[in-house]
Amino acid sequence: MSGDFDKAIAVFTLASGAAAVNYDVNIFFTFWGLNSIKKKKGRAFLGKGLLAPVFNFLLGGRKNLPLSRLNFGGASPLLMTGLMKKRNVATLEELFQASIDLGVNFYACEMAMHVLGLTKDDFIPEIKDVLGVATFLKLSQGGQTLFI
Amino acid sequence: MSGDFDKAIAVFTLASGAAAVNYDVNIFFTFWGLNSIKKKKGRAFLGKGLLAPVFNFLLGGRKNLPLSRLNFGGASPLLMTGLMKKRNVATLEELFQASIDLGVNFYACEMAMHVLGLTKDDFIPEIKDVLGVATFLKLSQGGQTLFI
Amino acid sequence: MSGDFDKAIAVFTLASGAAAVNYDVNIFFTFWGLNSIKKKKGRAFLGKGLLAPVFNFLLGGRKNLPLSRLNFGGASPLLMTGLMKKRNVATLEELFQASIDLGVNFYACEMAMHVLGLTKDDFIPEIKDVLGVATFLKLSQGGQTLFI
């Protein structure tokens, strides 16, 4: 659910790490989290009105996620990515790609998409399906679910 | 635990969705989260002192929860609720009521209430019980617990 | 993962409460959460550069965690601790110590330490081990995991 840079790193580190040791991994993206799976060039929607800044944030895409604290107007995530490269640690983009390559299933939240006026076309093609909460609960049965 | 508007929507969407497909659902409200189950007309407590603003926040009730980001002084939750109505998606109030109607169990955190000087009378009558963490852990045994 | 004062209270309340009723409890500290297990007198690292404020925050230690909202420049956690003492509720320090005394296992995240240039010496001696995500997933198998 969170659209924070550091929490997105946590999501894709856990997902790729779990998939690498053969867990079946499903991620349910909702609300701010939909930002992580937007196409690079999103379309403008709800173009005007008071809520536009809220929703246009969701158009920013994975490259513009803020740090959950000490964001410094977006400088920290850039510097953090630089540091991760320098230390030879996988960056957010690499963890994201590894999750896809290792077969992690990506699902988009039907209700959040409906509220925000988004369609499946607004997301990267790797999205497996658009789901409601009840269907996702079924998928997670017998496993563990983390809310991030 | 969180008192954010968007996270409260997540809580009651998950709770009502799970209860609708016959899961046994328990919610443990603590700290900022107690705001969701306060009576509409709360009493003033700890009336003065430096911490009053912190605790009076808890008196605001479910109608005044802020958005976790881009809150705009409370405008965003109002606009969001308007948009949810327009899109025919259940609002926070409706999800909350659905959770109650579908038999979700609400518990209030004993320790947080003690620290904040709250009693069971400060909460809506639908609260099933006041619990400590150990008792709640027992309730969640064999299931899944999400920290929101 | 979170370095908030109130979330740290949640972590150590849950951990000590669960350990008290004989659960096997493991905490995996990562990113901002590493702040909770730093030695009181941390060393300065990455001494200059734009990211220094971010990383030096991690040197603040458990005594300087901010409240997740209404922090008032650090006043709220101090006042909250005073109130917890007055109400005879365990403070963060006491919950932390209880977790150690009751045998909760503390693990530090290998990747976050590597990115931040930290070594095991920067942490309290009670840290059981430095782990990667895959190893921690193995430890949590058959149990429940909360992301806080």
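All chains are identified by letter, namely A, B and C, in their written order; residue positions are counted from 1 within each chain.
What we mean here is this: contacts are C-beta pairs under 8 Å (C-beta built on N, C-alpha and C of every residue); 3 or more make two chains touch, one makes a residue touch a chain.
Computed from a predicted model, the values in this text were never measured in an experiment.
Novice: Which word fits how the chains touch one another: line, ring, star, complete or other?
Specialist: Graph shape, chains as nodes and touching pairs as edges: complete.
Novice: Between chain A and chain B, two copies of one chain sequence, what rotation angle (nearest 5 degrees) aligns their Cα atoms?
Specialist: 120
Novice: At the chain B/chain C interface, shared numbers over all numbers used: above half (same) or below half (different)?
Specialist: different
Novice: Suppose each chain is reduced to the average of its Cα coordinates; what separation in Å results between chain B and chain C?
Specialist: 25
Novice: For chain B, which residues are shared contacts with two or more other chains?
Specialist: Expected reply: 144, 146-147.
Novice: Given the complex with chain B, which residues does chain C contribute to the contact?
Specialist: Checking each residue of chain C against chain B gives 6-7, 10, 13-14, 17-18, 20-21, 23, 67-70, 72, 75-76, 79-80, 83-84, 87, 89, 144, 146-148.
Novice: Would you pull the chain C residues touching chain A in the complex into a rising list?
Specialist: 1, 3, 30-32, 50-51, 53-54, 57, 111, 114-115, 132-134, 137-138, 140, 143-147
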